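Residue numbering begins at 1 within each chain, and the chains themselves are lettered A, B, C and D in the order written.
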Amino acid sequence: MTALAVKGFQAGYDPDLPIVKGVSFAVKKGEAVTVLGPNGAGKSTLIKAIAGQVACLGGQVTLGGDDITGVPSYALAKRGLGFVPQTENIFAQLTIRENLQIASELVEKRRRAGQIDKMFDMFPDLKLRPNDLAGTLSGGQRQMLAAARALLTDPPVLMLDEPSAGLSPKLVGQVFETLARVHAAGVTLILVEQNVRAALGLASRALVLVDGELAHDGPTDALQDSTTLGRLFLGNRTREVAR
Amino acid sequence: MLAAESLVKAFGGLQVIQGMSLRLGRGELLGLIGPNGAGKTTMFNLLAGTLRPSSGVVRLDGADVTPLSQQGRFGRGLSRSFQIPKPFSRMTVLENVMTSAQGQVGENVLSALFQLGSVAAQERANGTRARELLDFVSLSHLEDQPASVLSGGQRKLLELARVLMTQPKVILLDEPAAGVNPTLLDLIIDRIAEINKLGIAVLLIEHNMDMIARLCPRVVVMAAGQLLAEGAPEEVTQRADVIEVYLEGMPT
Amino acid sequence: MEYLAYGAFFLTLAMTYSIICLGLNVQWGQTGLFNVGVAAFVGIGAYTSVLLTTPETADRVGGFDLPIAVGWIGAALMSGLISFFVGALTIRMRSDYLAITTFGIAIALQLCFQNLEPLTGGVFGVGFIPRAFSGIQDDALLFNYANLGLATLLVVAIYVVLEHLARSPWGRVLRAVREDETAAQSLGKNPTSLRLQAFVLGGAIMGLAGAVQAHFIGFVAPANYLPMMTFQVWAMLIVGGSGNNKGAIFGAVLVWAIWALSGSLISELFPPDQQARAASLQIVIIGVMLCLILLWRPQGVLPERQSISKHLGQRNET
Amino acid sequence: MSPQVLIDGLIAGATIGLGAIGLTLTYSILRFANFTHGDFLAWGAYLTLTVSGFLGGLLAGLGIGEPIGPFSFGWGLPLSLLAGAGLTIVLTLILDKILFGQLRRRGADTIIIVMASFGASMALRSVLEFIYTANPQYLTRELQIAQPVGFGMRATPDQLLTIAVTALLVLALHLVVTRSSTGRSMRAVSENPSLAGVYGIDVQRVIRVTWVIGAGLACVAGVMSGLLVQIRPYMGFDLLLPLFAAAILGGVGSIPGALLGGLIIGLAEAFTVQIVGAEWRAGVAFVVLVLVLIIRPTGLFGRTV
């Protein structure tokens, strides 16, 4: 059962210069997939475009079989495609509770308060001072709030853009622990990461993007030994891995 | 030529650069590598003067340039490229290079109106030099085209020509190979080596290790805002701690 | 005969609008500065020149009885100076702050024109302004042709100077700043100073146009410099093609023609007591036209062209 | 100087403040300086006037056309105001649909949208002038006598009512924006529209709500100004600079700021009329604007809704 699929997908900021150049893959329901690749390969652009944040320049995206190409991001959120951007992923000028309240409007009225409480239980840091502005949170707490916001609606598919960026190793551990729990609960995860080790620990399958093209698609076991990985990130990584 | 001495840079409470030093010798070609989030770009901005360090000293040709802005350092022969090149896309390729020339008399409206002779002479001289540089980066066939038609790799080459047009003594190149197809990559590598042969010192931030290995006799590896390793590329990339930081993204 | 004289009169006014439009093109077309106070800068020029060139009168300050040419130069300098102050205050800020401030300047100066009676003659303004070629004023046709010739000459001269500037290093770096301010800055250019230069130059040209117009019509009054005028000039530039000096001139003539024709059409169609009311339809036409052009052809009739330095010949020459 | 200045300033300031709130909201949520906002005030006043023309006869026929209590108008006016506000809202929504929304969708520069608003403003005002002529019109012909309200100040019941209505509307709006889910969404969109989409907020809907609030308040402000002074096609245009000055003085995006800015400008105008002379009144807003830009360009309340 396919949760999300892209076919011949092209995306970018300038129609003449696509950053993602014809990528195709399908993610099964309940799968955890990580998108890896060197800097500037188009990883972020890929998931931003799937989430409706960057223009899709060609190809098709389907969510649970429905065509969602070009659907605006708010409608995707309503259809259960959760997305956590890498930076500026919370409203700093709103309170912590308000951030969650906005997200809660996507669930039925009677479940809203319960879902917010559930998130407070999941991320106890947020419960300490829920009526403070979210802008006062530390970097790690911001990521927690961003994740809580996305998880609040129980999305069947959740995409995250570098959730570990700028976090200390301890916090990275916490974030991935949380993601593992989320995944265990049946959520399909698509994860763009720079932290290869952490990502491989969580995901069962890796997509490697190089220069906007899919260079590798397969189970993470194959990538576990560090020579392959070293070559991917430090050595002549492009062609041989691709084919 | 260009030296950083125990630079520290903090954003809010977060120390991104934690006492980093490096030295770029006269006419040297030095590579700066490290995983994402290691602080390379911040380091680069500190050297170029785009950012001011919280503490530490930047020296250019022996002189302390720490208080100087990017413009000030620029005037002393330090030029930088951008990771994502920003050509003026509605201007022609030639104009893009011409615009980079420094000290143009005609860039003031009054001089442009009244000092016709010196403006014309300077334009001719700059035009000749700009065309030489376009020959150098193999873009001369496109000189009358708007920069918007250039491919990603060609934009990198144009950026190189623009940087050279400023007649720098030191250039800082931020990922000149990112998003470049293999054919143009060879050309870029070749041109950077050529530039270096002219006696211009080059500091190169790059993720493409092939390129680093081919160009740089010496590399500096950064991790978590600090110096992790230093030496020849072949040695450095074999080190376990270097491989480790690349896989961990952001180590302690 | 009468038609010929009217034609010359019409074209002369169109030429004065062309000059204003060329000034606005320096500010908007080449630099991207949104000036909503065009009428004020034109008015400053007009009043300055009037002050310098009219004979001394008992009930007004000034009246220096200087030659018309001195009035024109003074007009350009004065408008340029005011532009400098407005620009220095707002050019660093968000682009729409300049719009709001210039809008404010237009209203404030309108008040000054009305209320500083000893200087401006109040709401009734100043009449009997010395006119160029006043020696042949009795021969209406010849007089109109002479004025048309002079105005056209000025338009051509300003056009040539502006084209020269567009192809100069100044024009080039101005385009660079307009396209990408931070990139230009990283090449050691100073965007604020460049923008300010363009704003002042444009303001000075508008001031000159105001003086030329005042000496042609023969009187100035606050009602000549209402926001209406700003709006007309904007429509001219956008329709003609901003960024293109030929477009600015073409737009001025075209919109002025539409304006004049719709005006005479209204006076034909509506009874005299309804004409003031119907005149507002003219404004609706221009307003709707401006919006439609912005929606469907934002580049105008004559889009901007590449302007290349004239010192760069063909490649093989160098 | 008589203390009367204070109350005159407050009354003028209330109108400016109400208008400035709409302007500041569109400025922070749609992110452009809207030059048509002044004309919304004028359209609101004329639409209300037109409806009340129809309604006046009807209500008089029903025998309830008489002035209410101490006020100069009957039940016809509040009813027409509701209808007028509705029509003004429809007008702004249409304008957004055919002009601003189109430009937004094409990714036009802010400044192009500002320019379009400038063109639309001229056209809107001239349509009014064509339909209603430039002659001033009045919502009521009843004469009112100013009553003493203490401290040597006098005010008519209508004037006091406008202050009360302003206070009520601003309080209500403040509660909506700070407490309701719609207000939350508005604040979110003003901070970061693309993130708002990720959170599941329909940005287009928030934009429509913004127009509804802005147009509604503009209509009320226009009617208040029409009730106390007169209705002219240029009334909105003449108020535009004070509106901008108030919004910038209060800090773009701040509702209390816009009201406070409006009151300050109203007071400054009243003082100017007393000290310098009525002919310089329109220049006050410009002076305030320039002072704000020099001293504190972010305004009194920075940048939060």
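Convention: contacts are C-beta pairs under 8 Å (C-beta built on N, C-alpha and C of every residue); 3 or more make two chains touch, one makes a residue touch a chain.
Treat the numbers as computed from the prediction; the structure is a model and nothing was measured.
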| item | value |
| --- | --- |
| For chain C and chain D, chains touching each | none |
| Number of steps on the shortest touching-chain route linking chain B and chain D | 2 |
| Most heavily contacting chain pair (counted by C-beta pairs in contact) | C-D |
| Taking each chain's C-alpha mean as its centre, the one farthest from chain C | A |
| Rounded Å distance between chain A and chain D, as computed from the means of their C-alpha atoms | 44 |
| Chain A and chain B, separation of their C-alpha mean positions in angstrom | 32 |
| Separation of mean Cα positions, chain C and chain A [Å, integer] | 54 |
| Two or more partner chains touched - positions in chain D | none |
| Residues within chain A bordering two or more other chains | none |
| Full enumeration of touching chain pairs | A-B, A-D, B-C, C-D |
| In the complex with chain C, residue positions of chain B that touch it | 70-71, 74-75, 80, 82, 86-92, 94-95, 98-100, 102, 104-109, 111-113, 119-120, 122-124, 127-128, 131, 140, 143-144, 146, 162, 166 |
| Contact set on chain D toward chain C in their complex | 32-33, 35, 99, 102-103, 108, 110-112, 114-116, 118-127, 129-130, 133-134, 233, 237, 240-241, 244-245, 248, 279-280, 282-283, 285-287, 289-290, 293-294, 297 |
| Chain C residues touching chain D - in the complex, by the definition given at the top | 32, 34, 36, 89-90, 93, 95-97, 99-101, 103-105, 107-108, 111, 114-115, 227-228, 231, 234-235, 238, 276-278, 280-284, 286-288, 290-291, 294-295, 298 |
| Chain A-facing residues of chain D, complex | 181, 184-185, 187-188, 191-192, 194-203, 304 |
| Complex interface listing, chain A residues touching chain D | 51-53, 72-75, 77-78, 83, 85, 88-94, 98, 101-103, 105-106, 149, 153 |
